[in-house]
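Take a look at the structures listed below.
Two complexes are shown next, each including chain A; its partner changes from chain B in the first to chain C in the second.
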Partner chain A sequence: MRRVSRRQFLYGGFGAGTLALAGCSTPGTSAVNTQPTIPPAAQGETVRLTYWAWITDLQVVADIWNEQNPHIQVDVSWIPGATDGGYQKLYSSLAAGAGPDLAQVELRALPEFMLVNGLVDLTRYGVEQYENRFDETLWGQVSFADGVYGIPQDSGPVGMYYRPDLFEEAGAEIPTSWVQWREAGRALKEKGIFLDSFPLTDGSVFTAHAMQAGATWFQAEEDSWVINMSDEATLDVARFFDEVVDEGLVTTQHEPYSPGWFAAASNDQIASLVSASWGDALLSGVSGAEGLWRVAPAPRWEHGYGSSTIGGSTSAVMANCQHPAEALEFAVWLNSHPEGIDGLIEHSGIGWSANPEHIGTPRQGPSEFFGGQEYNTEVFEPAAYDQNPDWQWWPIVQQTFSILGDEFRRKAQGLSLVDAVIAAEEATIEVFKNKGLSIRRADR
Partner chain B sequence: MKASAEKRAPWILLAPFLILFLFTFVMPILMAISQSFTMIEREGLFGEEGISTSFAWFENYRLALADGAFVASIGRMFLFGIVQVPIMITLATVLALMLESASARWPGFFRAAYFMPYGVPGVLATILWSFLYVPGLSPIVDTAHSWFGLELDFLSSGTVLWSIANIVTWSYTGYNMLIIIAQLKSIPGDLYEAARVDGAGPLRTALTIQLPLIRPALVLTTVFSIIGTLQLFAEPQLLQQVSPAIDSQYTPNLSAYTTAFQYNDYTVAAAQAVLIALVAFLLSFTFLRLTNRSSR
Partner chain C sequence: MSGTAEQAQPTVHRTAEEVSRRGSAQTIIVTGILVIVTLYFLVPVYWVVVAASKSTDDLFSTHGFLFSASFQLFENITQVLSFDNGIFIRWLLNSVLYAGVGSLIATYFAAAAGYALSTYAFRGRNVIFGIVLGGVLVPGTATALPLFLLFSQIGMVNTYWSVLIPSLVSPFGLFLCRIYADATVDKSLVEAARIDGVGEIKIFHTVGLRIMTPALVTVFLFQLVGIWNNYFLPLVMLTDEGLFPITLGLNHWRSQTDRLPEFYELTTGGVLLSVIPLAIAMIVLQRFWRGGLTEGAVK
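Presenting the complex of A and B:
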């Protein structure tokens, strides 16, 4: 018998491997939205849909629907949250030509999934008829270039959680503008209390502040993306927080909701938290905090809007879905029908409802934790409609946030936030080009 | 007939291993190499007007190396390795020699005690240590502040690398110690006897008998540690949540992970992964060459 030498064996293996690889196509090369639409299933046929999401107990909510709609049955599978593993699974399944019919995709991640042709354009299945059930701003964030790529599920309108007792101790007024907010911070600092926390590692909070000030970092035009990250509104915000951080009014050591932050908050060292509506559940994790906190509208800039938003998801119909019409029908019910919304709030703990007509039954009435304040209707409901309507997400949001976070970290070494924003804009343009996407700077 | 059955038998017995080895080891490596030479081009705002792939030559490698943060992360690991690996190997050797010396008390108990941290998964070890690092939670930081007025900051940009080195040393010293002990145990007893007859004390025995004879174990543990250093991932990724100084490209692996799974840019990530493997290979190879030469 002829003996196979080690070298020959290795060559053989390499050759076979390369052959096998030639059979794989690169993810995202088949364009689902140019293929013919798939007609709804025939009468009497039962359709089974799979739905991947990381919110808890979504199956319980889907079962309410399953009971009422025997012909469209929805099975939910849990995936890890967003970039903690969920998206990786979705991307891999898309590359393999398989995966779920529906998936939870964050508002800001939709364009990223569009880059791999991962989402069905719902206008091809008549989504326009449902537009009036959803919040305008959110609808704007799921619409790109004449298409609609997801059904808004929830959002995170921003308000200010605060401790009236600490403000009183420092003799500070409850601020309604950011300038007053800074003044309050100076009074609090004398008592050794931090006004708030400014996360240097997470770009999303700064982004929300810029959004509120009226910035629009990206605009999708017909042939190209237009970037405007270092506009006056954004640089104003950066300058403002440069000063606030330099004066030591806020802590940069403890990111909101990190273990150190919880410890500081329960030690009465944090007087306020400008954060999203979903922060209420997290805040209740501060030990001994019951009854101490209240909620007020977010401080305002001289220009811009009353609030902004952090976070928010959609139900997206995925490219390999075999029953898009039915998937759309379920997604619309889930996110706009009072039964769906109440179920999502009660069982899955979603953020702010995407349907302005129904903020959710559990969100009405006074809250024991916030000392009897009806904070949802008082603060977050108006905040949800005082949003920057021009804001649009772009295909590399996650990367821009990381770049921004990496630049912000250098604040500790003496670099300013203003420099960071300008550098992040440069880096973002570079990434667009490397991905083969056309981009240009806005005219000023 | 019988001969062919004899020839088949090893392959049949090897098959379960070979199949797993091919599909979970060889294939992914080949795939990473082939992806690192692929380029994706898009037209339109999202590529809705067409996406094409082509052979990229070394474009992905150029992008990876042009990324200052990625190159800096490799440099950071050099610094880490030059300090941490010698400390850990020295510590492991000293512990091993002491436990194997004639005057050691309860060597079994201490061996187990030193080895114990290795049984704690790296992720848990990092969480445990992070509670000792975070001000407001850490008894060390708080005591130093309130008793001595010292401002300790284990998580600043200057110190966090050594805080990670501390976790790694804590985790792996016992493991390396055990490998060295295994080699010490294989030293024949008559060598010790001869040394004693010649009047060698414990220190002399350690320096001229034990150390030269455990050389292979030292080389092995050092090479493992060099490779381990370049693959540092879980510790910095977890400490990221408490230390603003750790960015998304703090270590080479963290950088490749971020590129692949946060940015969905698999081709550049593949190039980064291949580069990390190359550097690890080069370093181990150089180290082996150096130790071989000096032993001649």
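Presenting the complex of A and C:
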């Protein structure tokens, strides 16, 4: 993973002027990382930490820690998921100079929180000593400019869930490349079965495909962000899905995991689903699906990597935290200690563990739902380490996803995905400029 | 059959018959429109009832508007009420508190202010009225964040007060009360009471409030529905699950469906239950409401 240097950070997209601007626009925030560090609490003093997260029953996991660490007690509050109101709540509490000590922040949202001085740089509290406990790719995604702004919690390596019976019925092979995948789709179409679904309203799935194909949409350079959304890898992916959608091999009506999708899947109308490891729990919501599905590695492009990732969160120490040293200690335990990871999987249903040494006890051994397949160790564990290491998130990821979604929707009016990607790149550049972030196109 | 009847009719009656036919055509059109509108409003409610009676499996595998073979409405509702030590009942009571107390006091304030602006002539009363009226145009969502910053400074976020206090004002209610008081509270009646030696506050309570009752019911209902359905203000203000109103609580459950599909049933069951108090309030209070509007019109 190519790290961004401090110079790049200061003079790059996050430039000093921008930080000042962000500081002005969000009352109450101050550059927390330029103030003196807060020393750990004195011996014998009890520290109470608050933690806002939207994963379920995190308090149960925190209580395991609370029992073993009487001097650092963690209280968890539930907030709505990310853009459903959770971030809104975090931003407003930051502006009020209050809020929790720790919070769940998605990997892709870290740069946005950094723009409003919302996160503590953990290198000031000695986070480097824990680096070796975490997956390299994920550590790269929380590191900016020699700083570390969150402890990776989980990720979502991509594989392919599929129905062997439907493939067999259509006489199709289980694909290992996207070209084979499309051929299987043609055979399935003759039986009236969709190969998969392609969401036109949500850019994150397409982004994952581009990431797998080896695209790197953003890079922070010395003087600005460099955007490269319409590189050859991305356009290849767009052209490919243009054909697949035009041929009617995939449904664009039902987004994966939407009620309509569940209905179609339980009616044997959907043969496969290229999605993240956390999709396993959702698949179990398909009526009568037990034992019918299996998991295979994601199909490969001719270039790029074996897998990509969708989703993923961090435990971030927030700017108004009064006890960053203790907060860091808990965050590291929660996300790297086997007890923490197993608790998070069992009670909170997190995605793929951020600690390569421990994928989680509940994830070992055969799965009844997938017909006895040991799919986690067989498919997702290798997938988690076959990732695009150059990928980097940028400050307006959510907006880029909705821009992509808006453009994709015009596919219904005859616009191609290729045009959509090019238009989305333009629109993203515009948003960067409006935010006062410097950006330029990559040289080709 | 109508053909034979028409042939039997003498020509003299034709105009009268035409009038009645046109009348019945109008009735049919109006009734038709009303039926469509009723369907439009009731279909979602029907859907909620159907959805709340299904298991999670059936919810996605059977037709949305048809009951499935296994009818488990009561199991679902029991589960909603008992899940997590009955947290849903707590949310329901919180909503009743926020919406009930909030709209009662808000109505009283709106009535007092509207009555005062209507009855007393003082310098700047139209300026005050104009400014308050401006408040009608500001959506509640826009004020939620400034309110949060304010409450945060005085250390009152994450308390019952943080949702209750902002709910106590209703610019629209004040507007309605003033207009209504202008039209119905007779100045000579107020004058007569004063001559009898009744204090101003008492005149307001015995004469003003009583005459304005129909308008107050309207304000109360509007405010009740407004607070009951408010999502953004409690979202920003509250962190403690025990303080959540039903809107926030249901969203909490809905968000769990990503990992735990059984929450779909809890959510639809909860939605069904959460509609009931509002439906009761509407049915009980609607007669005052209707009476009120006609009274104003006749005047």
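Following the convention adopted for this analysis, the second predicted complex is superposed on the first by the 414 of 444 C-alpha atoms of A that agree within 3 Å, B and C clash if a C-alpha of one lies under 4 Å from a C-alpha of the other, contacts with A are read in each partner's own complex, and residues count from 1 in each chain.
Please note the rule applied: contacts are C-beta pairs under 8 Å (C-beta built on N, C-alpha and C of every residue); 3 or more make two chains touch, one makes a residue touch a chain.
These numbers were taken from a predicted model, which means no experiment stands behind them.
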{"item": "Partner chain in contact with A:225 - chain B first, chain C second, else both or neither", "value": "first"}
{"item": "Partner, of chain C and chain B, that touches more residues belonging to chain A", "value": "B"}
{"item": "Chain B versus chain C as contact partner of A:281, first or second or both or neither", "value": "second"}
{"item": "First (chain B), second (chain C), both or neither touched by A:42", "value": "neither"}
{"item": "Contacts of A:54 with chain B and chain C, given as first, second, both or neither", "value": "second"}
{"item": "Partner chain in contact with A:115 - chain B first, chain C second, else both or neither", "value": "first"}
{"item": "Chain C-contacting residues of chain A that also contact chain B", "value": "27-28, 88, 259, 263, 267"}
{"item": "Touching residues (chain side chain B, partner chain A) in the complex", "value": "7, 22, 26-27, 30-31, 34, 38, 40-48, 50-53, 63, 69, 130-131, 134-137, 155-157, 240-242, 244-245, 247-249, 258, 261-266, 268"}
{"item": "Touching residues (chain side chain C, partner chain A) in the complex", "value": "56-61, 145, 148-149, 152-153, 157, 232, 235-236, 239-241, 251-252, 255-256, 258-261"}
{"item": "Chain B-touching residues of chain A, taken from the complex the two chains share", "value": "1, 13-14, 17-18, 20-21, 24-29, 31, 33, 83, 87-88, 91, 111-112, 114-117, 144-145, 200-201, 220, 223-225, 252-255, 258-260, 263-264, 267, 395-396, 398-399, 402, 405-406, 408-409, 412-413, 431, 434-438"}
{"item": "Chain A to chain C touching residues, read off their complex", "value": "27-28, 52, 54, 56, 77-81, 84-85, 88-89, 92-93, 95-98, 257, 259, 262-263, 266-267, 278, 281-282, 284-288, 349"}
